[in-house]
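Common to both upcoming complexes is subunit A, partnered first by subunit B, then by subunit C.
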Partner chain A sequence: MQTALQLLFTALQIGSIYILFSLGLTLIFGVMKIVNFAHGQFFTLSALLVSVLVPWFAHHDVPLLPAYLLAAVIAVAVSVALGMLTYQFGFRFFQRDLSGSFILSIGLVLLLEGAYLHYFGGAVRTVPPIIAGDVSILGVTLTSQRLLLGLAAIVATGALYWILMVTQFGKAMRAVAIDHEAAMLQGIPFKRIAFQGFAVATLLGAVAGALLAPISVISPTLGADYLIKGFIAVIIGGLGSVPGAIIGSLFIALVESIGGFYFDPSIANLTIFILVMLVLMVRPHGLLGNR
Partner chain B sequence: MFTKDRIAKVLAGSAAAALLTCGASASHADEIIKLGLSIPLSGAAANWGKGSEWLCNAAAKEVADAGGVKVGGKVYNYKCVAYDNKYNAAEGTKVAQTLLNRDGIRFIGGSLGTAPVKALQSLSEREGALHFTTAWGSSIKGPKFPLTFTIMNTVNEISFPLTRYVKEANPSIKTVSLLNPNDATGQETEALARKAWTAAGVQVISSDWYDRGTTEFQPIASKMAAAKADVIDLASTPPADSGVVFKELKVLGWKGVQAVQVGTGAEGIIATGGAAVDGTYMGAAMVFDSALTTPKQKKLNDAAKAAIGESLNSVQISFYDSVMALKAAMEASQSIDPKLVAAALPTVKFESFYGVASGFGGKDVYGTPQQILIPVIVTQIKNGKLTEVRRIVSEEMKQRK
Partner chain C sequence: MHKIFHNQQVFLTLTLALLSLGSLFLRDAYSINLAIWMALAALCAASLRFVTLIGELNFAIAAFYGIGAYGAGAALTVYNIPFLPALLLGGVIAALVSLVFGYVTLKTKGPYFLLIGFAFTEVMRILYARSDWLGGNSGMVGIFPPSAFGSYFPFFAIGLCSVMILALYLIERSSFGKVLTAIRDNDNVVLSVGINVHMAKVVCFGIGSFVAGIGGSLHGFTNNVISPGDFGFLLSTFALAYLKVGGENSPFGPMLGAIVLLALGSVAMGMGAGEHIFYGAAIVIAVLLFPNGLVGIFSWGYKKLVLDVRSKGEALHESRPAAKPLHKKEQVNG
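Let's turn to the complex of A and B:
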């Protein structure tokens, strides 16, 4: 029983970051009908900046928690600004163009990864523990830091869900995702919504990076693993579907957690790919995807 | 006054000086020997590649400052030419073609990563190029590959003395769990690590694999903690990943002896593992602040640290040693023919980075003397600092002295 709980908690912790990451991917696809492979680069930039800024603030006698919060705000702001630049000078011209946006985003991945490697160096970076100690829940030990960051990820996901379901902006985004021409006929400004949708998606990726920074090893290639997992989650859940991305992310985290325990991480990864194939054979548009 | 004659004389003098300089440069350029490097310069292993290139250049400069390589009345200098193999076989093949066929390079100063190295070796042996490599696989050595030389201690050299030492230091240990990356390097390491632990009287109760690039190690840490082994050996797991695994294991309450058999550097593991990696044994790391550290080692390490952001590791150090080995063999054979230089390599002694007179040996193990002879340095992390606990010199090395 304790093992099962340990695996479940592990899956929830891993899944919370996957959810934030994949929500950004699915949002961009929903609004612009493109797959943004450069999404991981905004996530990576945010984590890298946190890893540079926290020690810098700490060195200037700022206590660790405020230093982290300040660093996270700056990192997210810079990442979103970079996202907006790539939209304004790139993705804007490739809306609803899968092959064009694919080439652009792959080019951006290479460019940004090279730039990060040049400016941040290839050595791994870490952020000092923001909150020390472990907590025990139902006999399962977790670090306080992971627990808190997992909760923060859940709150961010909840906030996004609320925005999409309740606010006018969220409703407009959903309308554009369903049928952008019909949405425009109803007076919804498609271009503005696409811009704002891209911004929100980048924000989610950047927040995920900032949250992950204190519990992970940060390097310029950090985003690659998350991009693959996030993309698989979105494929399983259905491209463009918000609940689908959440279900897909949790599904992957569960397979990773259980497969990694009973077999090994390599087999767990292989299993994820096999399950994706099976899901796509039965539901080619994903579990909750629309045609 | 600037008369026409004076201006003409100055111009003529300048032209003559320029011609002489060009002539000198041209003759200097003729005496450059290019050393090809097939190394990762992007992706997760980029820093290994950057450090390797940096050390190759440092060694080439040292050779030049000492008067160059003197062969047949001529003086040669080295120039390192690096290409990114991205740590995979496909890119390794492209790099091999570029180095050997396009650039016409006949001396490979160093290659990194078993998969890209195998791709390079298949061409370098055919093309008659001398190839120094850091790849651990024993399958790349032997009479079939007379032009390939391994320039760092491999699992074969490290595993047995290290496990023996760990068992001696911790006599109560009886079981071990292994973890390796699921690639050519990991698979070759796992097979040898298994044999070494068994030979040391420690039973291997589990052995797991993970994919390079993995960022979440909680599931595998849970599994390894549940196995309750006395020792956890992360074998060929890179330092940064090892730190994360040990950290997760501590959270789960596992307590035991920790080892990373072919752990190459301490900074990565300490950065990611913090206090959780205290006590970890490693077999391929180098200490730069001990009483045994030479001023030259310290100077090179400090300069490398400023350039690449972290201390040198044993993989990168090999790229320095290959340059020194090549210089010694070229001067001994008085030739720049790769085959003649390769034939001379097992007979020469040279001053390696480790500060000892090194050479090539390993005929009993590999069939031909293609393995560099340097000591195995057993290190342990104590209070967040890497310390050398034993320096093991092989019998063959002792006999050479």
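Let's turn to the complex of A and C:
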């Protein structure tokens, strides 16, 4: 029982980062019908910047918590700015062009990863723990830092859900995702929605990176691993589906924490892949995807 | 001359034969090696292009290339199978795995197929690393071509790559190739005339993977050492870069892209630039500025120079409506 609860909590911790990451992917696909591999690079940049800025602030006698918050804001802002730059000069011309946009994004992955390796170096970095102490829930011990970060991820997911379901902008995005031409006929400014959708998706990725920074080791190649997991989550759930991304992420996190505990991480990865194949055999468009 | 230029088949055969024979004249080890890598790169890009005939981007190509390399390597070093059967075995194993993989995954389309191929590549990499009889993380060593080849192994490898690139082109031009293109354009129409679309896709995928597998075998024999890290998704990405920079609409595209990028790459690496940055920038620039790749630029220049000069003689027929839009588009982009 104790072990099961511990594994469940671990899964929720990993899962909350996966959810934020894959929500961005599914949102971009929904609005623009493109597969954005460069998403992982915005995530990586944000995490890298936090891991560089926090020690720098700490060195200049800023207390740890404000230092982290400040670093996170700067990192997210820079990552989103970079994302907007790639949109404005690249992805804008490749909406609804699956292979063109994919190729562009893979070029950006190589380019940005090379640039990160050049500027940040290949060494792994860590961020000192922001909040000390442990919390005990139902007899399971968690570090309070991980708990808070998990909660932050849940809040961000909830906010996105609220935006999508309630606000006019969210409704416009959903309309564009279902049928962009019909949406345009209804007077929805498709180009502006696509731009804003891309911005929100990049923001989610960048926030995920900033949240991950204190609880993981950060390297310039961090994005690739999360990219594979994130895309698998989105495939399982169905590309473009928001609840699908959440279910897929939790599913992967669960398999990963259980498989990682009883066997080892690479067995968990193999299991995930086999399960994806099974899902695709039964439902070629994912669990919740409809074309 | 123009006849030859227009008859793609003859021109492609001649080019490939000349390139293969040309490799016999290379003397220093560095350029011989570079030539083999160019041939293998062109082969990968050609295989990738072959699967784009059905409108899919085959990102699992690195997996099948790796299966070919490991298949041939294991056949030679573990089971002591002679060179030629081992080489062939690499391709056959890759093809068999791809038929099973393709049968399941080709029911999906577009992004799903692309992403599942990407995941498959990573899974295969984990599998090699965990298989101790395949050398585990440190890889497999001692994959040598037979000494009877002497210094002619590079010629053999490049020649074999050329033959396979030509074979892919001939299949593309055959009636089966036309079926594949029709599937890309509209698979429902193909279905409606009674062609088994799913099987046609699987076979196309299998052929592409067989070629990639043979390429992988040759990679093993050329490098003598293989390790799981050689066959990650970067390999697929580079293959895509060759295809995209060369131009995917023409059978010359993969060759041109591979030769130009590897040549430029070896110069850039000599100057100390990062490999990732170089290939990344090449892809981004090619996609944004030259959607038809280098072949697009050449054919535009060829039309501009030769056809315009010729048509000046017959000024009355100067306007060719069918050719106009193409001209315009390429001018804007190029």
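The criterion applied here is as follows: the second predicted complex is superposed on the first by the 291 of 291 C-alpha atoms of A that agree within 3 Å, B and C clash if a C-alpha of one lies under 4 Å from a C-alpha of the other, contacts with A are read in each partner's own complex, and residues count from 1 in each chain.
The criterion applied here is as follows: a residue touches a chain if its C-beta (ideal position, glycine included) is under 8 Å from a C-beta of that chain, and two chains touch if they have at least 3 such contacts.
Model, not experiment: these values are computed from the prediction.
A.B. asks: Superposed on subunit A, are subunit B and subunit C clashing or fitting side by side?
C.D. replies: Superposition check on subunit A flags a clash between subunit B and subunit C.
A.B. asks: One more residue to check, A:35. First (subunit B), second (subunit C), both or neither?
C.D. replies: The second partner, subunit C, only.
A.B. asks: Should A:232 be classified as contacting the first partner (subunit B), the second (subunit C), both, or neither?
C.D. replies: second
A.B. asks: Scan A:3 for contacts with subunit B and subunit C and give back first, second, both or neither.
C.D. replies: first
A.B. asks: With both complexes superposed on chain A, which partner does A:106 reach: first (subunit B), second (subunit C), both or neither?
C.D. replies: second
A.B. asks: Check whether A:266 is in contact with subunit B, with subunit C, with both or with neither, and answer first, second, both or neither.
C.D. replies: So A:266 meets both subunit B and subunit C here.
A.B. asks: Quick check for you: in the superposed arrangement, does A:117 touch first (subunit B), second (subunit C), both or neither?
C.D. replies: Both partners, subunit B and subunit C.
A.B. asks: Following superposition on the C-alpha atoms of chain A, which segment of subunit C from the set 131-139, 185-193, 257-265 or 311-319 overlaps subunit B?
C.D. replies: The overlap with subunit B comes from subunit C residues 131-139.
A.B. asks: For subunit A, which residues lie in the overlap of the subunit B contacts and the subunit C contacts?
C.D. replies: 113-114, 117, 266, 269
A.B. asks: Can you name the residues of subunit B that touch subunit A in the complex?
C.D. replies: It comes out as residues 42-44, 46-47, 50, 182, 208-211, 213-220, 222-223, 226, 240-241, 243-244, 251-253, 267-268, 271-272, 274, 308-310.
A.B. asks: Which residues of subunit A touch subunit B in the complex?
C.D. replies: The touching residues are 3, 6-7, 10, 13-14, 113-114, 117, 121-126, 129, 134, 141-143, 216-217, 219-222, 224-226, 256-262, 264-269.
A.B. asks: Give the list of subunit A residues in touch with subunit C in this complex.
C.D. replies: 29, 35, 89-90, 93, 98-100, 102-104, 106-115, 117-118, 228, 231-232, 234-235, 239, 266, 269-270, 273, 276-277, 280-281, 284-286
A.B. asks: Can you list the residues on subunit C that touch subunit A in the complex?
C.D. replies: 52, 57, 104-105, 107-112, 114-116, 118-120, 122-123, 126-127, 129-130, 237, 240-241, 244, 274-284, 286-288, 291
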